[in-house]
Structure formats: C-alpha cells, structure tokens
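The structures considered in this document are given below.
Same chain, two partners: chain A is paired with chain B first, then with chain C.
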Partner chain A sequence: MRVTRRGFTALGAAAIGSAGLGVRPARSTEVKLTFYYPIAVGGPITKIVDGYAKRFAELHPGIMIEPVYTGSYQDTMTKTLTALKGGNPPHLAVLLAVDTFTLYDEDAIVPFDELVQSEADRAWMKSFYPAFLENGAIDGKTWGIPFQRSTPVLYWNKEAFAEAGLDPERPPATWDEQVEFAKKLTKRDSAGNVTQYGIQIPSSGFPYWLFQGLVIQNGGQLMNAAGNEVYFDTPEVVEALQYQVDLARKHGAMAPGIIEWGTTPKDFFERRTAMMWTTTGNLTNVRNNAPFPFGVAMLPAKKRRGAPTGGGNLFIFKRATPAERQAAFTFVRWLTSPEMAADWGIATGYVATSPAAWETPAMKKYVAEFPPATVARDQLQYAKAELSTHENQRVTKVFNDGLQAALTLAKSPAQAMKDAQAEAMRILAPYR
Partner chain B sequence: MSRALASAPATPYARAGEGMVGRSAGPGFTLVQVGAWLLAIVWVAPLLYAIWTAFHPPAFAARFTLLAPLTLDNFTRALEAAPFPRYLLNTVLLVTMTLAGQLVLCSLAAFAFARFEFKGRELLFALVLVQLLITPDVLLVENYRTISRLGILDTILAIGLPYMASAFGIFLLRQTFKQVPKELEEAARIEGCSWLGVLWRVYVPVARPVYVAYGLVSVSYHWNNFLWPLIVTNSVETRPVTVGLQVFSSVDQGIDWSIVCAATLVTSGPLLVAFLIFQRQFVQSFLRAGIR
Partner chain C sequence: MDRRIQAVYGWLLALPACVLLAAFTHWPAVASLIDSFWSTPRGRRPAQFVGFEHYRRMLADDPIFLQVVWNNFLYALVTVPAAIGLALLMALLVNERIRARGLVRLAYFTPTVLPMVAAANIWLFFYTPGYGLLNQILSAFGLPDTNFLGSRDTALWSVMVVTIWKEAGFFMIFYLAALQAIPPVLEEAARLEGASHLVYLRRVALPLLMPTTLFVLVNALIGAFRVVDHVVAMTQGGPDNASALLLFYIYETAFRFWDTGYASALTVVLLLVLGGISIAQVRLLDRRIHYR
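Let's look at the complex of A and B:
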C-alpha cells in the first residue's frame, strides 16, 4: 500500500508540474490538493484533520485532500514560503491570520472574492463574525477565511476566590477590580515568598497578543487597517504597559519579569496563580485538568471591554490551476459550514466562526453542558483585529522586544514604546 | 536507577581530568573534579527530569514525591499521537545514508586535495571552505529548488542529499591525510597498490579516529535536524523523528510535558544508548581528532 501511495504522490507532483506548462493530463477526474496544516493544539489533532479529509473525499469523490502537518505556525510559514519560492506551493493552507499581509506582499494567495460564484457563496462570505474577517481583509477584499480562531479570556480558580474572601462567582470586571482581587489572592508563606500569585498575564514568545487586549480596553489600537502605520507610543498603549508592569512590580500580584506562555495553564492547575489570561483555545485543556471548579470570563474593562482575535485562517494559493482553486474553494466552504465549524469548535475549543454554527444542535447541546464555551463568542462584539502589518514578523518582533524590555525594567514603558515606534515606522516606511 | 545514569557519563571525564591535573597540584585536582561533577549534573538534569516526567502521571510533572505512582500511560499516548516507530526507522535510514554518502565523498575529495597536484586546487579548496561559513538555513530556498528539479521531493534521499558533500568533512580529512608520512604511501605504491588502494589501505586506517569522531558529529546533527526535513518532506513514510515530534508543539494550548518527555525519550533513546555503549571510543576519537 505504501508503494501505491508514494506512486500517487509522484503522479500528483507530475500532474502539478505539467499543469504549470499548460499540459493537462488526459485523465483528470481527480483533483489532488495539498493542504498545509500547522499543529497549534495538542491532542490527537492530526487524526481529526485526517478524518475531515476522509469525510470530504466521501462527499466529493472528485477531490482528494492531502493534509501535510507542518509544525508550528512559524514553521508552516517558513515551509510555505520556501515551497512557494521553489515553485511548488500548497493548494491551500492554514496560516496565522496576521500573516495575510506577508502572503499578499509575496503575491502568493487569491482573494476569495474571485472564487465566489453563486449568491449562496456571497452570503457564505458574510456569514462569519466580522471581528474574525478583519485580519483577512486588504484593499476591500477577503484573502483569508476564519478557521481556527481564538481570543484571550480570563480563567479564575473559584476555590482560591472563596479562600480569599471573594465571591467565587464574580470575576473582576474592571482593571481596578482586577488589581484589587489579584492582591487579595496573592498568598505568601511565613518567609514572605509568594506561594500563589493573584494573576498571570503571560509575556513570553508573543507578548503583544495579550497586551493588545489591555490596549483595546484602554481605548487604543496598535495599527491601522492598511497595515502601514503603528501607534505604539500613544498614551493608551503606554498606560496599558504601565498597568501590566505595575501588576508585578508595584502591586506584587503577578510574577515579575517574563511569564512563560506554555506553562501558565500548568501554574493555574498547580495553584501557583489564581487567575490567568490565556487563549480560549485552552478551554478543553483547563476543563480536563483543573482539579478545582473554575470560571471563564471576558477580559476586564478599562474604558471599554476589549480583546484581540487570534489564530489561523484558510488561504488558497495563486499558483494552483483554476480547477484546483475551485476544488480548494469547495473544501474551504465545506470546512467552514456551520456543522463543521461547530464540530471543530467542540473538538478543539476554538471559537466556532459563524453565528449559524452556534445554532446547530451539536453546538447547542455542548453549550448546555458547558456554558463557559460561550464567553469567547460573546466577547467577540468587543474584539478587534490582531496586530498585523506589512513586514509583520519584523514589526511584531520590534514591538515584542519593547514590551519585554519594559517588563524586565530594562527601559521605562514610555521609552520602550517610543523606541519601538521609531523602529517600526522605519521598517514600514516603504509601504506609506 | 537514575543515580547510576547520572554518574555514568561523568566518570570518564572526571578521570581524564584526574590524569591531566593530578601531576601538577592538589587543589587544582579537586577543583577540576568538582567542576566536572557540576557540569555533569547540569548536563544530566534535563534528562533526569524527562525520565521522571515520562514515567509519572501529568499531575506529578512538577511535584517530586517519592511515592508518586509510576505509569506507562504517557508512552501509550505519545505512540498513539504519531507513528514513532516508523519515524525512528526513517531517521535511522536518513543518518546512515547521509553518513555513508559523506564518508565516500569526503574521503575522495580530501584525498585529492591532500595528495594530488592539479590546476586550481587551492582555489577549489578555498571554495569548499567558503561553504563552512554559510549556514545551511540561508540555502533553504535554493536547496529546495534543486531538490524539486531533481524530482525527489518528499523522499529520505532529499533530506540527506544537500549534506553529503560536507565541507567540514573534506576539510577535516584533508588535514588528517596531510599528516600521513609520504613514505607510507610510497611504500604502498612500490608494492603495486593503485591510488584507490592507497587510500583504502593506508589513509583510511590511519584516519580511523577522525572518521569515528566525524561520524558522531554527523549522526547527532542529522538526528536532531528539524527545519530542512520539515520543509522537504510531507508524508509519514519519509519524515524523521524530529518532524514527527512536531505534533506536540501545541502553542495555542498549554504544553503537556509528560507526553512531550515520553516522546522525547522514545526518539532520543537509541542515540543515548549508543553513546553510553561507545562512549570510550568516542571520547578517545575526539581527543585524537582534535575536535572538541
């Protein structure tokens, strides 16, 4: 069987190669599509995706989806760009929504507006939560369809709340309450060492993401929709950064320095922190592993509620033939249909991407059993696009470095943001 | 069991230190020994943690109680998540194939550079050395294009091919071959040995420690290589263990250390065992070859 599969791959490669030269193989009843899929959630995720590919093949005998698991989002982007430059890009891929500008600048992808045909198709494009479409829109066109999307939420340990004399059913709703609760929840041993922090807002790896929540709550935003301007040194941003620094340094309610993203849920389970900010994608993980009753809440408000969106979109690549593009489009439409979106959301904890998905019987049953699942959805009305610009990786790195410099006290928040702003605007100069 | 493992790698280094410094001064001797132990402990700590975490339920990943229940559950889950035996086989095929190619190509090239006079030799050798200065990552796209044109994308050969003409190997062997006394070679020639015979009967045996040391460096590098194999392969049948491990790189959710550690042990186990068995040869080869 192995040999046949390898043979098939070679055949597929040959088909793609000859298609590029305009020679279509005579027997083209079957379209074979390569689908790059990054591993961003734990568990037997590859089995779920393989299962989807199989189900789709049964429904659409003429199209075969071949998922290729491509590591982290970063690795997937590297693999995609390398394959693109090598003249052999995938037909479709899940990549970070924030990488849309990069793919657009590389002229790698096609807008979905060019693929829709019927009225139903057009209605489908409008069926998603608007906040999820923001990162995929450039020049008034839609380049990415939301697939595995998330948003940060606050998790709290109800037991710890009760111990600290707080109402276990009432999470902090404002910045001030968040500080006040966190201070009360911080426990120290007789030697003065902290045994339980009040809150953790992780700041390793991609600190900008959770921080952007603070910025939006403070009435600011980090960039414009055209992706060629950033607003890192505005008062809203500096104030938000000061707040995050103060949680640790002034109030002693959060661990000082950089807080590791990957281990924060573990700290929460082990009661080393009573509240944490992390992605809604962690919901299933927390549900399975928290040894105490926990709650999920929207992030607290300052001037308003707010959170960035996050996660991956589906992209269709330009180099594919029209037939392949259309087949890829059929797959994307199927994968994001209400039933599938609901199924995916339940299996992974990602936010189902369309209101219709929440009306499916499966989703209704899930929500009835597990009400916290709706928090992220309800927060979407306050959500804004995640930081994304041209030269996204470089600009984001500059910003991350600035944030971490402030969190480690290497620079004052104002200075760190001023430096980041200057550097980011220099990088973006060619796009203005 | 863990104690035995901890002390095993430390001893030979400590002994080597003893021999070298024992002659000169007393305090230096203890200092070196303490240093060696410290380094050994630092080196082995992550491994011990991995062993601890892999054999205990996730709840004990960061709590060290002697009575924590032992379990093989993490291994079962890791093996369920991906076909690791297949990945392991791919890796073994990959490192063997790569090393074989390297040994043949590098020996021949090094022999030519060391013993033959031909036009442009210095220039060619300089070009080979230039390759040492370029990190492989820079060549990703170009290598991909070449592999793509050869039509061998998504094969184990594609992973190994760009590394077979190793500049490091050529350089290392050339230096070693240059040190071989010409008399040996001449004697062999007089006995009627062909050029390839000379290489095989005279040079290769003399350079054995260098071959062993180079082999170890090559095997461990290719065993651990991630980015290039990820980019050039797509299917389970060709991917090595490092790429197989990616199913655990779940950034959006918390990291499940227990299962990651179990998978890491499964994949790095064979290499570790091989090193423990052959460590004496390896250490000696490294000392003789001058790579440290």
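Let's look at the complex of A and C:
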C-alpha cells in the first residue's frame, strides 16, 4: 500500500463511501450541512467519516451532516475554490492548514473567534497543541481548527543497525550522529555500487516539508507569522540545505538526485535504505509491511530538536447563513472533543490534536499496546508551523524548485536560496 | 418553400454540434483571450484591467515559462519524428507475412489501449532507482544505478520515452490501413521494372503514404502540446521544472496557484502555437503530398 501525505487514495474506499451515503428524508427544522473532506492516508476513511456523521446526527437531531469525499487535499482545494467561485461552497471542509492564507485572501472563511459564545467554547479553542494552531492564525484570529495533523519522524531498521555494529535500540540524536550512522549503514557490492543507503530524506513533490525540519533544527524558520515575508537565504537555511546535499554528495550515504516520496517506505521495506524520514501518517503502513523490527524516533537535533507540523484543519465557510455557521461550529466542536480526537487518531494514525485526547482511556490503551504512537506527540513541543504564506502554492513552488536545483547540483545551495528568496519576495510584494 | 424548410431542417441537424462547439470550444477560447488582459480576481480584491502585463511578464519576468516552452519544443522535436518513424517501421513489419502476425499487431497496439496514467505508473516502476526494472538490467551489466526521474539530465528524456512507446502503436494503425489500401498492382509493376524493395518503398509506398503522414504528424504535434497526464503522474514537472511542459504549467498556474489571469494568457499562447502548427503544416506540406 502506497501512502502519501496528501496524494493518492484508495478508490475502493471511495466506492464504499458513496454507497454508504443513504438519502434520508429531511425534516423541516433540520439544518443540512455539506462537509468536504480529503483522504491522504490508507484505511477505510470514508466509512469512519460516515459513521461520525451518523453518530453526530443521533446526538444533535436538528443538524444533518452530509460528508462528501473529495479526493486528495489538492483535489479538495480545487473543488472547494471552484464551488466557491460558482457561489455554492460547502458549509465546512477539511483542507490543508497551509492553505489558510489562500482561503483568507479569497474571503471564503470565518474566524472561529466570531463563533464562540460560552467560556467553555473559549477554553476549547485553547485546548489544542499550540504548534497545531500556528498555521490557522491570521490577524490574531483563529481561522482553522486542527483535525488531521501529522509531523515527520525518523524510522530505522533495527536489523540493519545490528549488522552495521550499531546499537539497534539507539537512533541518531544529532546531525553528526545521523551522518556517522548513515555512513556506517551504507553497503556496497564488489563493483562499488550501493546496495543499501544509510538514510533517505525524500525530495520529490513537496521537498520543503521534510527540509523544513532541518531548518528548524538549525535554529531557523522559513517565514513570518503574517505570511508576507520569507527567510530562504538566511545562513540557517543555507547550512541546512548544504547538510542535505552533503548526505548524498559528500558522504555518499543517501541516493543522489531527487528521492521519490511515494516509494520511500517501499525502499525501506526492501532494505534499500536503513533509515527514512517520512510522516507519522505512514506508521500503520510500516507496522504492517516492514519485514524486520523497526523503531520510530524524533528527528535528530542540530542546535535544537525540530519538525514542521503538517496535515489538515477544519474550516467554516462565510457564505453559510448564521444558523448554518452555528450548526457547523457545533459539529466542529464535537468532532475535536478529546474522545473523538482520540478515536480519529487511533483509526488513522494522525496525531491526536489536544493533550486531553491523550488522557482518554481509549488512547491510553492504544499507547500501551503500541508505544511508537507517542513519538510524534512528544516531538510536538519542538514543532513549528509549516511553511505557509499568501500566494502559498506559488511561493512554496519557488522554494521547492530552489531545493531541487541544489539537490541536483544545478545551483549551489547559497545561489539556489538567494534566487528563491528574490522570487518569493517579489510574489509577496503586494502583501507587505 | 420546400427549400426553406430544408434549410431549417439542415440548421436543426447542425444545431447540437454548433451549440457544443460554441459552448465548450469557441467561447472558452474567446473568454481566455479576454481574461488574459485582466488581473486575477481574489475575494478581497477584484480584477483590474492590466493590458499586456501578463504577456510582458511571460517574456521578461518568468524564466519558468521560457523553460517550459523550450522543454516542450524539445519534447515535440524528439517524440514526434521518433514515434512516427517507429510507427512506420512497425506497420511495414506487421504488413508482411510474418509468423504470429495477429499477436505482434496486438502487442504493438497494447500501449495505446492503456490509459496514459496507467502507462505512466508502469514506467514509474521501470524507472525506480535500485529495484526498478531498468536499473536491475543496468546492474546485471555492472552499470551504476541511475535515478532516471530524479536527475535533471534524464527526467525529460525518460518522459519522452513513455510518449514514444505509447503513441507509436496508435500511429501504426493508420499506416497499416494506408499500406493495405495501396493496390498490389503497383508493387508488381515495380518488381517487373526491376525495382528493389527499397526503391519501391522510397519511390512508391512512401509518397502514397504522405496523406497519412500529414494526418499523423498534425495529430502527433498537437498531442505533444496537449497530453501531460504522464508528467503529472511521473515527475510533477520536476526536478526544478526540468520535465515541465507548457500545458502542465498552465494547469499548475490555474488550479494550484489560482492565478487565472496569467493562466488565461498562457492558454492564449498555447492556442496560438497549436493554430500556427496546423496552418503551417497544411500550407507547407500540402504541396508535396500526392493525393489520389
């Protein structure tokens, strides 16, 4: 099973989902809400979401949620914006947390600050891990509530560690150890060709995400909170890029060129790489498919530990009537309650979004059975907001192009970052 | 009276096609042209008239545009002749009395039946570093592992190979039909005159195939600017736009960046390119083609 963070999904699950969408007769008092959601991990997600809608309907007879599976994150964003321009957006949707600026600039969404009423509501808004709220905040208001969130972690092959004479229970904790271990783990055949690389940090599609982990570890950050300035050409970023380039080119411990995100877990299973960086969303995939004992660890530190957050937030759309907005708010409030957040995290592998969720009995039982599930949670205290700006897709693309130019040796890291910085600041000029 | 009813009848028959063409081809083209002179509207700022700003930006401020145009030009220049040449060779081969002719024809045609995305996914596996088919073959000969889709030098070429592989079988069908339409008396006459097989090919068969070649050429060239499914599935235009094509860039601009104004301007350029190709080909090649 190939799992991507924001990519392709099981068609089978979609089929089950559409079959499960029964038509119920609407009562006159009922508020009917359309809920767009993407799928970016394996598993019967549509079934779970339909089940949630049903449970919610039993608890709140006046509100009917109609979940609509809308493909990948990218597809969901495309469908939402198209529907918005056609004057018929959904009432609420799960979209990438980094698309908050885009939705804000389209004047499409309402801040949750306008929807909270009671003290309990206000407390609820503060109940999430702060790192997960960062990407949803603009102008001091909260526009997105964390729902299916993730963060990258390091997976390692314990068998390969033992073969290389390393302690199989101790993952690299620093950048230097990471290089040292990776070099020891790299195996060559008699002709000098590599049969097993030490590490793989994927760089296809959205290389910025994993790379941002290196930047944060090096004490830097890629953008400001207002989303109108980027810091691509700072020494912290250039050094981090040099480190990633060197892993392949200088130390020979990682495959040169662009490493495909989608096939990286498979490379790990095939023992082509002894360590990999990928999302926590792959946890269940690795658990089911790795033919050897494996470990999950926080990303190694340079000046500090660090990782970006990732994944999707819940958004409520402006076009809905006040009654519909309040109904949508009630649903969001219920869906992100500790019990539901725990349930969703266990079912999917996403990181449960609030500390309270980790204190629920169900979650405690799950963690006792499968301790690696806590690694991502424990890493959250070091996590920072994912790269997100105005004109987000375009700025991110400029940055990705720069990273790939450096990784393929078309430009030096300093030059690539300087060019990306100039272009990104030009794009962001109207927002300053 | 009778004639007028006939005219109305004729127009009514043509109406569905006219409506569809106007709604889905002509109007979008005109709308793109109009939109290309306006900035992209956002929820918080409406569209403004910007004149030729988008076109100026394309030529002066957008290195990616220049790169995708160059990529696309190279892509067409390589894939079109290669696919046509291969198609002709395959057609000549399966037109002969060879063993298992039906099977060979079927094998050649199979890639055409596959959807482009499916074909791209098969090739994605061929190209995978390490345990992919091509790299397993390379390593059997002791050659180093190559990251076909992840290197700037090979990404576009790898995409081209998929196109050639996929298109050749389709064009072969046209050539095969055209070859079978050539009266056998021509070949017999050539033989009697003492012409060799090669001379017959060059002097008789190929000229008679020219209308087919024109048709295939127009289709192949338009296809080279129109089909990007495999780019989406295989490389996403990467690394660093090394394998991005014009239409892929338009899609990206329109549906990822939501810069619809600029995307309209890019679309107008694509329309001009396609229109230009068709006109040039029909004008230039028509003179050298032998219709019966």
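Keep this in mind: the second predicted complex is superposed on the first by the 404 of 432 C-alpha atoms of A that agree within 3 Å, B and C clash if a C-alpha of one lies under 4 Å from a C-alpha of the other, contacts with A are read in each partner's own complex, and residues count from 1 in each chain.
FYI, a contact is a pair of C-beta atoms (placed from the backbone, for glycine too) under 8 Å apart; a residue touches a chain by one contact, two chains touch by 3 or more.
Quick caveat: nothing in here was measured; it's all calculated off a predicted structure.
*Asks:* Should chain B and chain C be called a clash or a fit once both complexes are overlaid on chain A?
*Replies:* clash
*Asks:* For A:205, using the defined touch cut-off, is the partner it touches chain B, chain C, both, or neither? Pick first, second, both or neither.
*Replies:* In the superposed model, A:205 contacts both chain B and chain C.
*Asks:* Contact-wise, after the overlay, does A:279 reach chain B, chain C, both or neither (first, second, both, neither)?
*Replies:* A:279: touches chain B, not chain C.
*Asks:* Output check: A:194 vs chain B and chain C. Expected answer is one of first, second, both, neither. What do you get?
*Replies:* After superposing on A, A:194 lies in contact with chain C but is clear of chain B.
*Asks:* Of the partners chain B and chain C, which touch A:393 in the superposed model: first, second, both, neither?
*Replies:* Second partner only, chain C.
*Asks:* So in the superposed three-chain picture, is A:311 touching just chain B, just chain C, both, or none of them (first/second/both/neither)?
*Replies:* A:311 sits against chain B, while chain C stays out of touch.
*Asks:* Examine A:256 and indicate which partner it touches, taking first as chain B and second as chain C; both and neither are also allowed.
*Replies:* second
*Asks:* Identify the partner contact of A:40: answer first if only chain B is touched, second if only chain C is, both if each is, neither if none is.
*Replies:* The first partner, chain B, only.
*Asks:* Could you look at A:270 and tell me whether it touches chain B, chain C, both or neither (first, second, both, neither)?
*Replies:* A:270: touches chain B and chain C.
*Asks:* When the two structures are overlaid on chain A, which partner does A:401 contact: first (chain B), second (chain C), both, or neither?
*Replies:* Second partner only.
*Asks:* Can you tell me whether chain B or chain C touches more residues on chain A?
*Replies:* Touching more of chain A: B.
*Asks:* Taking the options 3-11, 147-155, 219-227 or 237-245, which segment of chain B carries the C-alpha atoms that clash with chain C in the overlay?
*Replies:* 3-11
*Asks:* Could you list which residues of chain A make contact with chain B in one structure and with chain C in the other?
*Replies:* 78, 205, 263, 270
*Asks:* Please output the residues of chain A touching chain B within their complex, sorted ascending.
*Replies:* Listed in rising order, the residues of chain A that touch chain B are 2, 5-6, 9-10, 13, 34, 39-46, 66, 68-73, 75, 78-79, 82-83, 85-88, 148, 150, 205, 261-266, 270, 278-279, 281-282, 284-285, 289, 291, 311, 349.
*Asks:* For a test of understanding, state which residues of chain A touch chain C in their complex under the given definition.
*Replies:* Within the complex, chain A touches chain C at residues 74, 78, 81, 102, 105-108, 191, 193-194, 203-205, 255-260, 263, 267, 270, 272, 391, 393-394, 397, 400-402, 404-405, 407-408, 410.
*Asks:* Residues of chain B touching chain A in their complex?
*Replies:* Within the complex, chain B touches chain A at residues 58-59, 61-63, 80-82, 140-141, 144-145, 147-148, 151, 153-154, 227, 230-231, 234-235, 237, 243, 246-257.
*Asks:* Applying the document's contact rule, which stretches of chain C touch chain A when the two form their complex?
*Replies:* For chain C paired with chain A, touching residues are 42-44, 64, 128-131, 139, 142, 144-145, 147, 149-152, 235-236, 238-242, 252, 255-259.
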